[in-house]
Amino acid sequence: MAQRGVLRPGFVQICVLDMEKAITHYRDHMGLELVGIEADGRAYFKGYDEFDRHSIVLREADAPGMDVLAFKVYADEELDSFEKRLNDMGVTTTAVAVGEQPSVGRRVRFETPTGHVFDLYAEMALSENGPMVTNPDLWREEPKAMRIQRFDHCALVGINIVGAANIFTEALDFTIVERAIIPDSGEPVAIFLTCSNKAHDIAFLGNPDNDGKLHHVSFNLESWTDIGHAADLISRYNISLDIGPTRHGITQGQTIYFFDPSGNRNETFAGGYSHYPDNPVREWTVDQMGKAIFYYEKEVHGRFVEVFT
Amino acid sequence: MAQRGVLRPGFVQICVLDMEKAITHYRDHMGLELVGIEADGRAYFKGYDEFDRHSIVLREADAPGMDVLAFKVYADEELDSFEKRLNDMGVTTTAVAVGEQPSVGRRVRFETPTGHVFDLYAEMALSENGPMVTNPDLWREEPKAMRIQRFDHCALVGINIVGAANIFTEALDFTIVERAIIPDSGEPVAIFLTCSNKAHDIAFLGNPDNDGKLHHVSFNLESWTDIGHAADLISRYNISLDIGPTRHGITQGQTIYFFDPSGNRNETFAGGYSHYPDNPVREWTVDQMGKAIFYYEKEVHGRFVEVFT
Amino acid sequence: MAQRGVLRPGFVQICVLDMEKAITHYRDHMGLELVGIEADGRAYFKGYDEFDRHSIVLREADAPGMDVLAFKVYADEELDSFEKRLNDMGVTTTAVAVGEQPSVGRRVRFETPTGHVFDLYAEMALSENGPMVTNPDLWREEPKAMRIQRFDHCALVGINIVGAANIFTEALDFTIVERAIIPDSGEPVAIFLTCSNKAHDIAFLGNPDNDGKLHHVSFNLESWTDIGHAADLISRYNISLDIGPTRHGITQGQTIYFFDPSGNRNETFAGGYSHYPDNPVREWTVDQMGKAIFYYEKEVHGRFVEVFT
Amino acid sequence: MAQRGVLRPGFVQICVLDMEKAITHYRDHMGLELVGIEADGRAYFKGYDEFDRHSIVLREADAPGMDVLAFKVYADEELDSFEKRLNDMGVTTTAVAVGEQPSVGRRVRFETPTGHVFDLYAEMALSENGPMVTNPDLWREEPKAMRIQRFDHCALVGINIVGAANIFTEALDFTIVERAIIPDSGEPVAIFLTCSNKAHDIAFLGNPDNDGKLHHVSFNLESWTDIGHAADLISRYNISLDIGPTRHGITQGQTIYFFDPSGNRNETFAGGYSHYPDNPVREWTVDQMGKAIFYYEKEVHGRFVEVFT
């Protein structure tokens, strides 16, 4: 049946240290559309193939990191049932008022044991600059810079990732698509979950010492060619590269990682398999973590597992 | 919430005039895996990125065309509820016994007013040669020839396409993603429906004179580069080209069409947008049908709207 | 030894009916750099990866077509020896004065029996916006629109193409790379010549009724992906498409053809083989002309062999 | 004028420790055609788009490395004039007899002050499996594995690279295309030379402690997509990766490096600019060496400048 309930990661609010530099990065170097800057100073962005008004929100702050990751659900009435299911699991919810962000409806907020904050919402205005719907062209204006189609997902770092993932599977009907485990104990060190046909809509990365951290915010590109083009731009604009172009073993996505001027890690990726709920769960043992994360290099550099915001 | 109910087009059974030539085409020139040939002469195939045992079934017959298009549903018990909903709409259902195809469970069969036969089923054995699941590599063996990831969808030709589409939306929870209409009457001349995040899982093309016909069977490739590569193979192996490489306005997919040795139209395509049920329906007026179908050529050649099987 | 003598097609001067529309086409829709508009109204353009000041010159005129195709030679003194060799063959030469175009040195002009005008020149100023040479980045500014690397070649239509080709092989040291012939007579109907490692630097297409005509002006793109992107732009901007994306049998280039607002045919192409002078000449028989020209379609539409400027 | 004199790197003879493992690597994993194994145990290979009989020769030996890099010249009589020019520079030449390799004509051998051995030859039989020349298809058989078009060039490590480069520019008419220098002294630390329109046909990399060493043998692929595909194969077949997929600042080529089972470094690359002898020389200062070599990473890992064969 057509997808219902949680549809996708709808927007993420990120903290940046210097808004001017951040706008240069996200608008000029990455090519996102700057939808607007509101009175409270927050800046709103979207990718060229997104219907909703915005998907990235930047807030100037003293430290980088993620304020909240919000999932869009299909219908307003589902917010109530999800809230009940969260509460039934013992997860506390709070309300975020309509209007806290422009054009966004009421939001149900909860926190995972990893210390990350999530919202569920069902309403956001359509963008005036979204995909055409009547005798539509491929796009209104040629996609710019990194040619970002959409905000895609976040990967988050924390201690109790099993507890966090359980909330998504039990209360929000997410499916575990892929995970990495310690063979003897079966304990997961990384869990990738989906609410759609995507290989992942959210990922939790286990870490004994860090909770509530953002590993990366990810954006979808059309192709491996666009990954290469993003690499060209990263070098041209002296953006701080983390790693890539490369491919993930997990999800099989083709990827490149870099940092925004505040130190938040960005990913642009393409490809990866489609997921169906009748597919087997794919599983990695922790000794193969290098290949799981970077399929070509087969090893993970320190920065990737040590630098979070 | 994770996808439930109808998941995807699971397999299609196609009639071919000469099995030997058909195997050369589908296995050697297109690169599908030949899973096996059963005692009744039917040949079973799959793409390299499919978990289930088979997705294409060829039956030798006196005329080309499609016997049946079967959709996989998530759970066996859903077959009963879908059957009830079909019956409640006045759609007659029949049972196809377990074992009619190797490894496939019970099937609920129904026919649309366009004269096409569809099955719903919930069980098929996993392929021994499907994607790896433990410390998985990208593929077991390098994808061959056209590098087909999966069977993707069918487009079907008939008179009462509104009646056919209604069955899919009302009884099977499909969503209309895109359609072409006659402006004055609002009458649809083409309807594209999905049960997933794909831009289409099935399409109905209106035709005043032809019912129960197959327009094309479509296969998913990774990229525009693979579309070009398919074109190279089509020319090298003297496969009968219909049109392409080109792009669709509808779905935005990049595509090439050709004919199997029996005259059944095949499509290999890549790209196209992802669909979410909160997206607006995209609509074309019939005067823009050229651009809707072939975004580059902006016109449709006669063969494309006259040759079916 | 390193290439000497004739290096490459250096610039072409094209007639357009409406300069404003032409600038929109060549600058905004194709993405060439507009170097400048001179006092006599001519507009000068270049691709992003060209060192010299300009490679395309547009002149407003009452009819479309090509004024002159100019080849750059390595050294000024070679102009004299080429002129002598031309004269020795009975080919009349005239001088074009320094300054007829900004920054271009003296030019030796001659005409082929097909009625086409060619110049040889050795000097043009370097562009201030050419590729970087000290600790160079990939490009100064991101390539725009169709991402044209360089003006590449012209294909010209005429009656006595053997006579025209002879001038290039005998007086200018070009090599015939590929040709199409009438099997019984051996008479060529198309001749592709190079002065470099490119599969072609100029092509002559035989036609019994048309002399001195331009078939197309061709621009080099990086990849098949960029051909697809050019197609997207062609459709988006309602540029008149001739054919493509497709591939040539001759040269193996991947290509798309379209018309500028004055009716001059443009090509953007990518790929094709590299040529070395010890390679065999590739030869097509006229019955395979369809495949020779359009490797996928295996037939040539009337417009392609009937519409010239 | 059409290229004369030295045309291209024609073949290279490489030492391998275990021929069986080497054949698995070069034939099965890289996809080169194994032309044959001769009585003396040497194995001959070629890429799918090469006309000549072979371009890679493997010899089983106790240590890896390069025996000889041979350049093909246009005409036999040019061998004499090149020999004279070499001798006039004080470079000793010796003759390698016809038949030392199957189907190869006489060779003029010389050594650079860096201790590398080079041959010049004008004759080699055409492959029976080279590109088609009459009504040609794109290829006879679909390119295999890494889809290698041709052997492209070698990069060699030595102390007196200026002396080595001088032989190529003064006696063999090569052009310096790009170089890296120490700013104060102007001393080159890397010199890239061409005898064609390629960005490089040979490269010398300066090293204070190593002479006569092979840095890498390089093969040309069609596109960035094929670089990514090579990376997929490298990981799938557990080939030892050095670095990539990435891009060079020098030449702008897109590249991936890996090791054959004997430790010889291989490169597969695509793209990069075309060179003309009127182009300015591009120059890097040694402080930008990271970006010069790996345009994305902007730093060079130790293995790349320490491991040679």
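General observations
By letter and in written order, the chains are A, B, C and D; residue numbering begins at 1 in each of them.
Throughout what follows, a contact is a pair of C-beta atoms (placed from the backbone, for glycine too) under 8 Å apart; a residue touches a chain by one contact, two chains touch by 3 or more.
Predicted, not measured: the structure shown is a model, and the values here were computed from it.
Taking shared numbers over all numbers used, the chain A to chain B interface scores over half, which places it in the same class.
Ranked by distance of CA centroids from chain C, the top chain is A.
Rotation angle relating chain C to chain D: 180°, from a CA superposition, given to the nearest 5.
Averaging C-alpha coordinates per chain places the centre of chain A 31 Å away from that of chain B. Computed from the mean C-alpha positions, the centre of chain A lies at a distance of 44 Å from the centre of chain D. In chain B, the residues that reach two or more other chains under the touch definition are 138, 223-225, 232, 235, 247, 291, 295. Looking at the complex, you find that chain C touches chain D at residues 1-8, 49, 51, 72, 74, 126, 131-136, 138, 172-175, 194-198, 222-225, 247, 249, 252, 271, 273-274, 276-285, 288, 291-292, 295.
Across the complex, chain B meets chain D through its residues 137-139, 142, 145, 223, 225, 232-233, 235-236.
Against chain A, the residues of chain D that register as touching in their complex are 224-225, 228, 231-232, 234-235, 241, 244-247, 254, 291, 295-298.
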